[in-house]
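Right after this note come the structures.
Here come two complexes built around subunit A, the first alongside subunit B, the second alongside subunit C.
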Partner chain A sequence: MAVDQEKLLQFLLRQGDNTLILGHRVSEWCGHSPILEEDIALANTALDLIGQTQMWLGYAADVQGEGKSADDLAFLRDAWDFRNVLLTELPNGDFGRTLLRQFLFDAFQSVLMGRLMKSSDETVAAIAAKASKEVAYHVERSADTVVGLGDGTEESHARMQEALNYLWPYVGEFFASDDVDAAMAEAGIAPDPASLREEYDALVGKVLADATLTIPASKYAHKGGRTGYMHTEHLGHLLTSMQWLQRAYPGCEW
Partner chain B sequence: MTQPSVKQVWEWLETIPDPEIPVITLVDLGIIRNVEFHGETCVVSVTPTYSGCPATSMINMDIETKLRDCGLDHIELKQQLSPAWTTDWMSDKARTALEKYGIAPPQPAGGPQRCPHCGGTHLEKLSQFGSTPCKAQWRCQDCLEPFEYFKCI
Partner chain C sequence: MYAQLIKTARSGITSREDMSEQEREFQDKIDNDIKIEPRDWMPDDYRATLIRQMGQHAHSEVVGQLPEGNWITRAPTLERKAILLAKVQDEAGHGLYLYSAAETLGETRDELVRLLHEGRMKYSSIFNYPTLNWADIGAVGWLVDGAAIVNQVALQRTSYGPYSRAMIRICKEESFHARQGYHAMMKMAFGSPAQKKMAQDALNRLWFPAMMMFGPHDSDSTHSEQSMAWKIKVKSNDELRQQFVDQTIPQIEYLGLDLPDEGIKWNEERGHYDFSDPDWDEFMDVIRGNGPCNVDRLNDRVAAWDNGQWVRDGLMAHARKKAAAKVAAE
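Moving on to the complex of A and B:
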């Protein structure tokens, strides 16, 4: 039986919106990083994420079948149409919080892309195979930086612990499965995200322990991004900046 | 004009330099995966190095311009994602050219083999990311010069 195309579309939007929104957030650092090497690293990470977005949203547009492009989906949808997890839309905060958010996301991507490479959907498998190579570099760097700053000076450690306390309640949403995930799992397109939690916790737990950071005890998880039920107030502000040009000059190309 | 052979098209493509690293060609880089004719249309399959590589659209334009200059009117460029590009596809000629140009070629070990300036082997990584997505920044502790390393993916 062919998979429900509307559910496949939702799954693809979740992938593409995660990389799009985080890619945009990371790009906000361009020209503002503490040192040149980090500026370049952040810009390159943002580029990879936007590149992955083109593949995910390009496929989403094909599945949708309304003749739209990846750009249409990125620039002409409103906040309630986005399906990214809330973590990706949170403001950057300081450099440490940005890198910790990146690590929490990269770790999830590294687990997920490994599984998606074996997807029954050839295009999903091809995109994941391409993305996984980039994710491997991202997670190596973000993990290194988290350890360096967490296990660094008193000041950097305190900031990283504060960042972790702020970000951790947004991690649970990665694993909050629903009927879209169930349909993807049944069709062999993607694993049930809940099944990835153990591997994720092992990877993240090790790095955060090396970073001498303490994972908050509360299991509370903010949700509503990947279902589109309720985004944070930050997404609308991000979109006004990201979509400004296409809104002001519809159809503009160069 | 009569339709050129696929071999002829490959020969034309072999003259197109990479827009970022002009000492190697697109064919040497291994990103042109296939050339074939569908009727009158010449279909060229290209795979991106990194998914967000800004040179991708430039590369497509360079291919189209070259083939038009050679007299082809019907050209279609196809993006091929799978199998994903790997630095293993880079030709030996390209590896030598890169090193001469001052960029250490990719190594399976994950780091440069030697300094492209002095051949020194005491090397340190400055950053996993460089001026383009495909390069990392390294420094030679023998001659103290920084250099770029083409990352292995």
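Moving on to the complex of A and C:
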């Protein structure tokens, strides 16, 4: 049974928009991080995420079948058409919040990519196989930093706890399944995200415990990014910079 | 280039008769193109001059992230964004590599960074100019990395081993940056009228600042002689500048852009292009801290360092806890 192409497109946009928007956020650090090694590492992370975006959105554009490119999808859609989880579009905050956001995302990607490598869709499996090597490195690095800062000084601990309190309500959206996910699961393209929660909680719980951080008790989860129903106010500003040249000078080659 | 107006830590040049036995041996090595290595004896002034030059070079790589980073979030395509990210990552890597090379002379990175932040060390004047339109990113790769290469290819023959090896490694990446920059310029110059206008604007603004990267005229550059004898400096400012002009003019013509200087003219007799002097008063203003971006650039770097204090402290504290726990467990 052929999978509904519109649903496959939505699934691919969710992948590509996550890496695009987070890659953009991370790239905002350029030249401003606490130490030179981190400037290098953050640029490298952003570069990997943009590279993954090219693959996801490239495939999305193929599936869409309107003759568009990955660049068209990245630079010419408006906010309501973006399918990234809200977590990725949140402002960087301080270095601790940026790295904690990165860890919460990397941990999800590390669980998801492992499953997507076995996707019934060959292109999805190939992209996941390539991305998973990068993701394995990212999650190791961001986890180390979260532990180091959480279990560092009194100040670094306090800042990390504050960052966790801010970010945690955005984690639940990773696992909010809908009919797109159901169709992907049925076709063997991707797992139902709800089924990844246990593995995610185990991984994240261990690292946050090592970091001496306390996961907030509230189970409340913000949502609206992966469906596009309601993004944060931050996304529009991000797109304003990101898309400016393409909007101001349409139809050019760069 | 990335190192300009480096004050040699000794005024005038020491004659052979005035040298100690040790210094004569040292000079013989240099004259015979034998590299000086970290454990070798070297005159204090040689060491001090090298630290200044390598430190300034390292600072330039690091501060150079800022004008290019200014466009990362506005890069017009995913590929351009990826290319720019990779370039900026390389530049930060060059900084790291050069700080390490400077450390072989006994100067720590922290100390060099402190001197930069206190305004007691400089970085290349070029990074005190703004990047105002997207073509600036192409122009920086083409002209700024291009000018840096002219200097650094010469420096591959420099007398201090670690510096020479750093230059060999860094030059490979800089050549790649320059080619990518020129490629981006081609897209702009051969693109829409608006894109061509951006390309011309970038060239016009960055041309003279790029010429200034080589430093003042040889006749005004008082500290060169001893540095040349030590092969810390290998070619003169004017020689390098001429080489840069000669290689760049045909590239401008290929792009179909107007020459950025009315004084540019082929001189049959010399076999070189003639060109106008940059405004040396402007250059001195920039060196003294009054360039268009000096204050903002330094503030950015100092703020990055200060805002990162808690991060560095936190990670250090954690490393100490881990080490203590390991000792306790043994």
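Heads up, the rule we're going with is that the second predicted complex is superposed on the first by the 254 of 254 C-alpha atoms of A that agree within 3 Å, B and C clash if a C-alpha of one lies under 4 Å from a C-alpha of the other, contacts with A are read in each partner's own complex, and residues count from 1 in each chain.
The definition used in the following text is that contacts are C-beta pairs under 8 Å (C-beta built on N, C-alpha and C of every residue); 3 or more make two chains touch, one makes a residue touch a chain.
Given the structure is predicted, the values throughout are model-derived calculations rather than measurements.
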See if subunit A has more residues touched by subunit B or by subunit C, and give me that chain. C
I'd like to know which partner A:E28 touches here: subunit B for first, subunit C for second, both or neither. second
May I ask you to decide whether A:E37 touches subunit B, subunit C, both, or neither, giving the answer as first, second, both or neither? both
If you stack the two complexes on chain A, which partner ends up touching A:E140: first (subunit B), second (subunit C), both, or neither? first
Considering only touches as defined above, state whether A:R159 meets subunit B (first), subunit C (second), both or neither. second
Identify the partner contact of A:Y220: answer first if only subunit B is touched, second if only subunit C is, both if each is, neither if none is. neither
Per the contact definition in the header, classify A:A70: touching subunit B only (first), subunit C only (second), both, or neither. second
Touching partner for A:L47 - first (subunit B), second (subunit C), both, neither: both
Which superposed partner A:Y229 touches (first subunit B, second subunit C, both, neither): neither
Common ground on subunit A, meaning residues reached by subunit C in one complex and by subunit B in the other: 37-38, 40, 44, 46-47, 50-51, 54
Residues of subunit C touching subunit A in the complex: 62-63, 65-66, 68-69, 72-82, 85-86, 88-89, 92-93, 95-96, 99, 109, 134, 184, 187-188, 191-192, 194-195, 300-301, 303-305, 307-319, 321
In the complex, go through subunit A and note every residue touching subunit C. 20, 24, 27-28, 30-40, 43-44, 46-47, 50-51, 53-54, 57, 70-71, 74-75, 94-96, 145, 147-149, 151-153, 155-157, 159, 241-242, 244-246, 249, 251-254
Using the touch definition up top, name the residues of subunit B that touch subunit A in the complex. 48, 50-54, 81-85, 126-133, 137, 151, 153
Okay, in this complex, where on subunit A does subunit B touch? 37-38, 40-41, 44-52, 54-55, 122-123, 125-127, 129-131, 133-134, 137, 140-141
